[in-house]
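Look for subunit A in each of the two complexes below; its partner is subunit B in the first and subunit C in the second.
Up next, the complex of A and B:
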């Protein structure tokens, strides 16, 4: 039998996997009855509000809370002096819950109030008087990199850091919090062999996650000292750990419950209002809700790190890139932003996983400034690095008059190749995704442009690769009940991506029962097992595997019980729709018969028929990158790589710089689409979010302050103006993935910006080097090009 | 100055919380409340702008909201001279009104209505609110100015009529006097041989204008330009007529060159920087949007001969 035949055979045997099963959360959400974090409330709950810094950098001289405390209806007022004097942060402990003696960005939390109503809390916050002595500030990342710069964290050398992310103190650059270096081959000799050198500088802007539901938490201090937190977080266990670190409470005494989450995109891996809610709840002895406004989400949560990327390539006449030297500078903002530290490392993976470059150097430097903190964001560093690299690939092709696709193919990494950090590459299906996008994009066809008028047509392409991080772990527990229901306990928040449905499909597949039999518990750290969170496109793979193993474990126990009850060997039994039947025989029993019966029913007692619980754990171990050489300690640094190709067709107006995006094609190899409709949804969503960053989204700072921290002035793409996105799904299986699946969440965001910039060049000859690609920048580039032509 | 975004320390945490909300039964009652309470009372129509302005503390503190919905100001009437629009008419009512659809020469108005996208907003936002918000980013005013619209204002001293052009004085400031309310917008019926167009440059498919432009032209029998009204929005604090452009158009044949030459003057206007664009960029595209709007208005005028 050929492998494709085998595969087809296997697929016909699958009952739920690969089917666009209706989402299990559909009814609750469509009828408005789903409870999100922002909806959540408790009886006698107070409302919290945070007082925030109006200065990008200032010393706090005095905080006068008297008027706020005496306002009728105010139940608690806290400043840094009322909470533990500790710094937190998942990777670098640098962030105070409330600023103590210094504020480092506009919007930083300084004090907080809990009151009977939100209105009273707001009024009280306005009554808090803070005296500041403004300090010089710096928001420009390259200025902050200088030795003479204003220093954001004078105490940086004393901060504690987690082992995988050591701080590298550099006396000559006091604001550098993290620095990774990769050195592979010999870059200098590579350049000396090159026929051409192509050198550019690219930039990205601060983009906000724009999850629809603003960050929110409700906290309750229990009478016995425990703490319960309701937070629509991407990572309940991470929140639990952070609260434990801040308040020095043992993790078992903290319970995090996650309602439905209205999106997170990386921001909500981090605590935002949780610590303040807990502190207010402890002080007031009542439940407290701290719900951020949209403005606060903009100014005071996280942004996607703005990058400055310097890239210099040595290229042979035939298009072989023989040397590449890259320096990326991350504007980290005022704090580590939790996962921000690892964005500085992980962006390396984006730079080493598509092309095979013999001599390669990469420096990635995360710099503190007085801007809003940079943190995890869908794409996690890859997007910014890919923006530069995929523009650069076109720059090389244009300069050498080579075919844009050819030059990419020529430099691709292949299975078995060692990449620049020493990983042995597995087969990443770059060729497949390129092929499928080209079928749509038809670069070979003659250009169809307008005969006259200002509009010009162009096509653009980008090839990117998204890693999934490791080491991480997920666990799942299933509990089979006597009414033919199975409860799945997982700590994976339904963030909107359809994960609850995917887990249900997997459990139902393994137990050979209807999907409707599965109930997915929401995350509750008191009951649901460990999970490393909704990040890095990891959950279908990690939690999917854990669910599969847990369901298989439960099935095995069902068979054991049935075997005892029927006196038939397990190997002769099979489970189908909650019935165990004998193969080639007549005996059968319902699963419901395999449980204990209450005293009003006469069922026989079956030994070993207590709770039926299946467990599954998936964990993957990889090597660590040496921060000095960039070498991985083993031959694998990530879980897997996912290839993505993006093609776009645009029209650009040469008089105004306006661009119309006509079509977007995005191909991604997901290994196996467990739920094809959800996969398409993820691709469309990722592409459109990427489109926002590419064409309009930017949090603008003026005098250190965000000036467009609202949805009138911060532009996001709207459904009305969004072009057709064609999702193209490839399925070459991932060896260890559940049914061959990889993740899909992040890949689609990575290629859209460079594809668009390349299309603008194709249409007009003009290149824009920084996103967002606003009409103003496009027009400036067109005018510059026209001048150069003269 | 055109910023809707304002620095965070000028935004207090507390929200807009008016103390009173009243429904006057007659125009007289409304005027008397407005006159006696001064700035503390404010008219609420659809409320779509008022709340934004109040929450961002861009208007003086308001204690009492005066709802005009019960005094019969929601109508579209027409007579041989003019179309009369009650100030409480919603943008949706206006869009769907057959008089508006059927009257020739007022294409600028129907254009501007269709450039305002969110249906939820249009269902409540009113013509009076579009005008009295006095923002340079809104779409109806430049279209109505091009159509030479007049306003009927009623106050403690009776009623007065004024041109919409010039009514908005500056950013968030219009010539609404103590105790006055806008009763009606009057659009003179365009003559035969006239045509009008409105266009807009916007960053997303549902956005306030970067720049917008309303143009009305009247042609004589020889298809020469008899009169021209060109209004640009988004440049400064108030939509403004471009008299230099207009003068250059009048008496020409409106050839492409004539129009291009005239539109050049649009880029001479002073422009403020906004969150979305620099003044230099706005200047460079002002002549383009002007040119294209004039070209389209001319086509429509030719069709209306």
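Up next, the complex of A and C:
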């Protein structure tokens, strides 16, 4: 039997996997009954409000809280002197809960109030008087790199860091918090062999996650010293750890419960208002809700790191890239931004996973400035690096008059190749995604342009690869109940990706029962087992595997019990729709008969028929990158790589610089689409979020202050003008993925910006080197091109 | 501090309410905090995101920008009033197509769509997109949402 036949046969046996099962959360959400973090409240709860810095950089001379404290209805006022004097941060402990002696960006928390009503809390915050002595500030990342720059963190050398992310102090660059270096082959000799050298500088802007539900936390200090937090977080266990670190409370004393989450996109991996809510709850001895406003989300949570990318390539006449030297500078803003430090490392994976370049050097530097902190953002550094690389690939093709697809194919990494960090590449189907997008994009067809007028048509392409990070772990527990229901305990928040449905499908598949039999508990760290969180497109793979193992464990226990009850060997039994039946025999028993019965029923019980609990854990070990050479200590640094191809068709007005995006095609190899409709949804939504960053989104700082921290001035894609995205799904199985599945959340965001910039070049001959690709920049590039032609 | 609270009568989802409110309270605040109708969301307080959209006398409005005193004597429809079972054609089309993800925008989108379909039962795709232009969805890219609303319009037209 051929492999294809075998695969087809296996697939026909699958009952729920690969089917577009109705999402288990949508009905509750569409009737308004689903409770999100922002909706959550407790009786007699106080409302908290945070006093924030109006200065990008200043010394705090004095904080006068007297008027706020004495305002009727105020129950607690806190400043840095009321909370533990500790710095927090998942990678680098550099962030104070409330600023003590210095503020480092506009919007930094300085004090907080809890009051009987939000109105009183707002009034009290206004009554707090803070005396500042403004300091010189720096928001330009390349200025902040200079030795003479304003120093943002004079105490940086004393900060504690996690072992995989050591602080690398550079006396000549006092604002550099992190530096990674990769050296592969010999870049200098590579350049000496090159026929051409192509070098460029690319930039990206500060983009905001703009999750629709603003960040919010409700905290309650329990009488016995425990703390309960309700937060729509992407990672309940990460929040628990951070609260433990800040307040020096043992993790078992902290309970994090996550309601439904109105989007996160990376921002809510990090604590936002949770620590302040806990401190206010401790002080007031009442539950406190701290719900951020939209403006606070813009100014005081996180942004996608703005990057400056220098890229220099040595190219042979035939298009072989023989040497590549990249320097990537991340504007980290005022603090480590939680996972911000690892964006500086992980962006490397975006640069080494598509092309095979014999001589390669990469430096990534994360720099502190007085801008809002950069943190995790869907795409996690890959997007910014891919923006530069995929523009550069077209620049090379244009300069050498080579075919744009051909030059990409010529330099591709293949299965078995060692990449620049020493990983052995698995079979990543780049060719497949390229083919499928080209079928739609039809680059071979003659250009269909307008005969006259200012509009020009163009097509653009980009090939990218998204990694899924490691080492991480996920655990799942299933509890089978005597009414033929199974409760799945997982700490994976339903952030919107459809994960609760995916887990339900997997558990139902393994227990051979209807999907409706599965109840997903929702995260509660007191009951649900460990999970690393909703990051790095990891949950379908990690939690999917854990759910599958937990369900298999439960199935095995069901069979053992049935075997004892029926006196039939387990191997002769099968489970179907909560009934265990004998193969080629007549005996059968319902699963409900395998549980303890109360005295009003039979009172009888099967020995060993207590709770039926199945457990599953998935963990992957990988190597670490050597800080000096960037080489991985083993042949694998990530969990897997996912290839993505993006094609676009645009029209550009040469007189105004205005661009219409006509069509977007995005192909991604997901291994196995466990829920095809959800996969399509992830692709469409990821591309459109990327489209926002590509054409209009930028948090603009003026005099160090965000000037468009609202939705009238910060533009995001709207229903009008957003083109239909054609999602193309490939399924080359991932060896260890559940049913062959990989994650899909981030891949679609990685290629849209360069594809659009390349399409603008195709249409007009003009290139824009920094996103967003606004009409002003496009027009300036067109005018520059016209001048050069003269 | 004592500020003049005002007694206001309004009808929400078919039920008459008499409430005391500050003159500056938004309809959104009253719906969520006083009446416990948290199906109507709050996303920006400045009429920028559309997650707070409800219908007042049949017209879709941003409840965060709408002073509750203005709603006195009027009829307010929120997501909770659409269909408790979730079987309104707009709800079922969105569920059938997995058209929303985090769905925080969903109640607002549905109320904008209902207001459109009440006045224009057979809209074109462009008309649907125009009706949704004040409702930001950050997860989906709008394609499946627009498709669902068009499908719902056909279903509603058939049942008429």
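Everything below uses one rule, namely that the second predicted complex is superposed on the first by the 789 of 790 C-alpha atoms of A that agree within 3 Å, B and C clash if a C-alpha of one lies under 4 Å from a C-alpha of the other, contacts with A are read in each partner's own complex, and residues count from 1 in each chain.
In this text, contacts are C-beta pairs under 8 Å (C-beta built on N, C-alpha and C of every residue); 3 or more make two chains touch, one makes a residue touch a chain.
These numbers come from a predicted model, not from an experiment.
Once chain A of one complex is fitted onto chain A of the other, the partner contacts of A:696 are limited to subunit B, with no touch recorded for subunit C. Contacts of A:211 after superposition: subunit C is touched, whereas subunit B is not reached. Within the superposed three-chain model, A:710 lies in touch with subunit B and with subunit C [touch as defined at top]. Within the superposed three-chain model, A:720 lies in touch with subunit B and with subunit C [touch as defined at top].
After overlaying the two complexes on the shared chain, residue contacts for A:643 are found with neither subunit B nor subunit C.
When the shared chain is aligned, no partner comes close enough to touch A:523: not subunit B, not subunit C. More subunit A residues lie in contact with C than with the other chain of the pair subunit B and subunit C.
In the superposition on chain A, contact of A:422 is made with neither subunit B nor subunit C. After overlaying the two complexes on the shared chain, residue contacts for A:126 are found with subunit B alone; subunit C is out of touch. Once the two complexes are overlaid on chain A, the subunit A residues touched by subunit B in the first and by subunit C in the second are 119, 710, 712, 716-718, 720, 722. Subunit C contributes residues 1, 22, 32, 37-46, 48-49, 51, 78-80, 82-86, 91, 94-107, 110, 128-130, 132-133, 135-146 to its touches with subunit A in the complex. Residue ranges of subunit A in contact with subunit C, taken from their complex: 20, 22-23, 25-27, 29-36, 38-39, 72, 119, 210-214, 260-263, 265, 293-294, 495-498, 675, 677-678, 680-682, 684-685, 687-689, 710-712, 716-720, 722, 724-725. By the touch criterion given at the top, residues 3-9, 11-15, 17, 52, 117, 201, 203-208, 210, 275-278, 281, 284-285, 288-289 of subunit B touch subunit A in their complex. Residues 49, 51-52, 54-55, 106-107, 119, 122-123, 125-126, 295, 299, 454, 655-658, 696, 700, 702-703, 705-710, 712-718, 720-722, 774-776, 779-780 of subunit A touch subunit B in their complex.
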